[in-house]
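Below you'll find the structures, each written out as structure tokens.
First subunit A sits with subunit B, and in the next complex the same chain sits with subunit C.
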Partner chain A sequence: MRNIFIIAKNTLKLEIRDKILYGIIVFGLLYVFFTLFLADLVLKEPTMVKAFGLTGIYFFNAIIALFLGTTSFFKDVDRKVVYFILSKPVSRAQFLLGKFLGLCMVLLLTSAILGVAYLGVVYFKVGVFDWIGIAAIALQFMEMTLFLAFAIFVSTFASSLLSIVYTSGVFFLGHIVSQLVTDAKTIGIGGIRLWLVEILYYIFPNLEKFDVRDFAIHAVATPWTSFGLAFAYAVVYIALLLTAAVWVFDKKEI
Partner chain B sequence: MVEFSHLTKAYKKKVVVDDFTLSVDVPIFGFLGQNGAGKTTIMKMIVGLLAPTSGTITIDGALSSHPIFKKKLGYMPETPYFYERMTGMEFLRFCDELFDNNNSGTNPAARASHYEEILKKVGIFAARNAEIRTYSKGMRQRLGFAQSLVNDPEYLFLDEPLDGLDPIGRREMKEVMLALKYEGRKIFLNTHILADVEEICEEVGIVHKGKLLYAGSVKTFCAGRPLEERFMETIQAHETEARLEPSITTSATGTGTK
Partner chain C sequence: MARLNNPLAKVAVLGLLLLLVVLLQFEYDATKITLPASDAQTVSPFMVRIMDMGFHPAVASFLWATTMPEILDLWNGKSEYFNDLAFVNAIDPKLSYPYAFSVLTLPAVPAQNDPNSVAQAEAIGKQGLANADTDWRIPYYMATNEFLYAKNDQAAAEYYNIAAQTPGIPAYAQRFSLNFGIETNQRQKTEQLWETIKDSTNDPDSQARAQAYIDHLQDFDYLDAASAQYKKEFGVYPTSPDQLVQKGIIPSVPVDPFGFTFIIQTDGTSAIDLNTLPAYMTTSTGAGE
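Moving on, here comes the complex of A and B:
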């Protein structure tokens, strides 16, 4: 466990020195502040500040998760920096889990920075503290950690570029897969075609579970059950992905 | 003592280390061979980066891949790569932290002075707080060497440690290796530079296409002739034997054509 934290701490330290990450955070902050004017342009509705703000945080965190998940672990293995680490009393599982935890810490940090900016903007515009917005950002963070786990899993056997393609594909499918099943049933698709859609539903993560932005935008309290279920879903899915990633990485010739 | 017993490594059908059996118990041992001979693969198996297809490597009777043994070893990979945005000191600290026995109960200042001592020893103390991305190739080699010393290892496995160093750097590194030998550490060296082996190794293992062609003292191997000449002779003799072997086999079975 100790080695996992040392690798996580080191990963966090290295990633926050990356200028690309700074660039994304700066753009994210500019966007969150820009929502003040954007919301005035569209409908002149204060709730639009929340809609644009939460979507912006989601978008920028997704870019960060994709960027970190597909490059950080892969680079360490590809550039053979792992030789230094794995020749010490560190197992491959500890290294992989440490990288994941470190990248989660980076995401937590960026979510916190963008989240604080968002809460400040909402307070300034609407005059209330957006507690439900915090729940929405927390679930977005959970979704990003799942996304990160998938990117690391793919990085254990694919190149950085392929990881971007696969992870983006899963991100897209993860958001439409539940709608696909509903639509298939609504229009009466049955037999093998419905079966195929259902297989997709069970294989790919259902990322819609983490979307409670509408609750936050309309100031409706997020039910604790859906929050808890989404959290448990993410934990189980991440555990499965990381177990598979460790299994593949253990077999990999480095 | 390091013992290799019928060590074999194959990637699919390609055998890169072939039934390698050897016992080593000298202060500095050099694996000598051409590029692609299998030296790096052997070293990676010793330090647990690769799993053997078959056979074992034991050090003082224990399997070399065991985590307890890893605490006693230092490893420098060939052409080391680093975290470019770290400084030399930070990299040593990170490597040291991975050995949990070193930090417990030791104050950070004492550890920092330990890192400084190592960096002085390998000659990059002045660049200790510079980011690694600013280091030259020779400095990277020295840092790779430095990190292998961070846990005061009993055994050192160095893969081409003198590669990329200028003549002065080579001399300095060889002196460091000799000093480590006098401290009682055992060093395994991979190299294709014969002069280095001749100068600092007590024994050598000649590796060619994954096979061990010779293992023993350098003096006995050379028998008063230059090491380069003997090395070439051994490799060529093996190549000739390998070419003749199929025809000998077919002649013996009576199926060959004359």
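Moving on, here comes the complex of A and C:
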């Protein structure tokens, strides 16, 4: 356990020195502050100000998660850090878990920075503290950790470029698959085609359950069970992805 | 290539390059061929909802920001506003502001440009009441349109009643909604209107609500009559309802069903005290009871 935390801490230190990460955060902050202008454009309508802000946080965190998840592992291989660490009494599983936890900490930090900026903008423009927005940001963070786990899993067997392609694809599919199933049923698609879509629905990471932005923006009460189930889903899916990543990584010759 | 060591020379070169960029942009704009713009309606809201990855409110808000100014085109006889509004509503039916804005603004379109603007505003408002987030502005503006443009006082009273009970309604709007038609010359008509509403429903809550309005209106009549009696006996109007009790004209000051405090004005007529509003108005619950 101690090894995992040491690797996590070092990953956090290494990543927060990355200038690209700073660049993304700065753009994220600029966007969140740009919503001050957008708010004026929509006459400071609270729902719209929140919609713009939460979307921005999500979008920039997704870029950060994609960037971290698909580059961090390869950087360690390129810089031979992985050889150095694995020559110590550290297992491959500990190494991957440490990397994952460290990257989660970076995401937590960026979510907090962007989240505080968002809450400030909403308070400044609309005059309310967006408590429900915090819940939406928290679930967005859970989604990003799952996204990160997927990126790490793909990084263990695919190249950096392919990792980006696969992870982006799963991210996109994870969001539209619920809608696809609903729409397939609505327009009367059945048989094997519906069956294939339903397989995708259950097997691929279904990210729709982390999206409570609609509820937060429209101030609709969301039952705690939804939060609990989304949290449990993320934990179980992350465990699945990291276990698979460890198995693949164990077989990899380094 | 010779290196530029002089900082001024570096700045000059950068400035020149920037100028060149600006000039190129000017040249591009002057010579560019503009293809016919695609019609936004060729994309269905159905497809947008699939592809926007759950960002329905943000996408609808962005589209609304471009749709809102189109309302001005209605003054020029162009009606794209309605198509684009329907598009925004289809992407996020819960976004209340587009409905409220349309209900407020459409009746201002001159009849020669759009003879159905009041009816269209009402239809959009009804859609908003059915689908959108609870937003007091929708029924409040609908009530105002019914009163000012459609001259339908009964519909106005019903919408003001909905507005008064909507959470988040500001105190000024709630006060106005609850006191719609209380003027002396309007009171009898408003009372009849609430009697009709009460008789038209079997819902006990709606009946109780209508009765509250009737009691509210009758309290004014009661106090006006007592005030006139006071003048007859003492030669002057009372300065407060309490004086009517003290002099034995009425046994007690009526308790208003909406919690307002009554006052007697200098002309002897009763009114509500604007300085002492009910507690629920200061906490903005919108309960109205």
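Quick note on the criterion: the second predicted complex is superposed on the first by the 249 of 254 C-alpha atoms of A that agree within 3 Å, B and C clash if a C-alpha of one lies under 4 Å from a C-alpha of the other, contacts with A are read in each partner's own complex, and residues count from 1 in each chain.
Note that a contact is a pair of C-beta atoms (placed from the backbone, for glycine too) under 8 Å apart; a residue touches a chain by one contact, two chains touch by 3 or more.
The structure presented is a predicted model; accordingly, all values stated were derived computationally and were not measured.
Peer 1: Go through the superposed model and pick first if A:L41 touches only subunit B, second if only subunit C, both, or neither.
Peer 2: After superposing on A, A:L41 lies in contact with subunit C but is clear of subunit B.
Peer 1: Mind working out whether A:G127 is in touch with subunit B, subunit C, both or neither, as first, second, both or neither?
Peer 2: Neither subunit B nor subunit C is touched by A:G127.
Peer 1: Applying the touch criterion given at the start, work out whether A:D214 contacts subunit B, subunit C, both or neither, answering first, second, both or neither.
Peer 2: second
Peer 1: More residues of subunit A are touched by which partner: subunit B or subunit C?
Peer 2: Counting contacted residues of subunit A, the larger count belongs to C.
Peer 1: For A:F52, is the partner it touches subunit B (first), subunit C (second), both, or none of the two (neither)?
Peer 2: Only subunit C is touched by A:F52; subunit B is not.
Peer 1: Based on the superposed arrangement, let me know which partner A:N3 touches: subunit B (first), subunit C (second), both, or neither?
Peer 2: In the superposed model, A:N3 contacts subunit B only, not subunit C.
Peer 1: For A:G188, select first, second, both or neither according to whether it touches subunit B, subunit C, the two together, or no partner.
Peer 2: A:G188 contacts neither subunit B nor subunit C.
Peer 1: Using the superposition on chain A as set up above, list the residues of subunit A that contact both subunit B and subunit C.
Peer 2: Common interface on subunit A, subunit B vs subunit C: nothing in common.
Peer 1: Mind pulling up the subunit A residues that touch subunit C in the complex?
Peer 2: Subunit A residues touching subunit C: 38, 41-43, 45, 47-48, 50-52, 54-55, 58, 172, 175-176, 179-180, 183, 208, 211, 213-214, 217-220.
Peer 1: Under the stated contact criterion, what part of subunit B meets subunit A in this complex?
Peer 2: 11, 44, 47-50, 67-68, 70-71, 73, 75, 77, 80-83, 85-86, 94-95, 97-100, 147, 151
Peer 1: Subunit A touches which residues of subunit C in the complex?
Peer 2: Touch residues, subunit C against subunit A: 46, 49-51, 53-58, 60-62, 64-65, 68, 92, 94-97, 133.
Peer 1: So in the complex, the part of subunit A that touches subunit B is made up of which residues?
Peer 2: Contacts found on subunit A: 2-3, 6, 10, 14, 17-18, 79-81, 83-91, 253-254.
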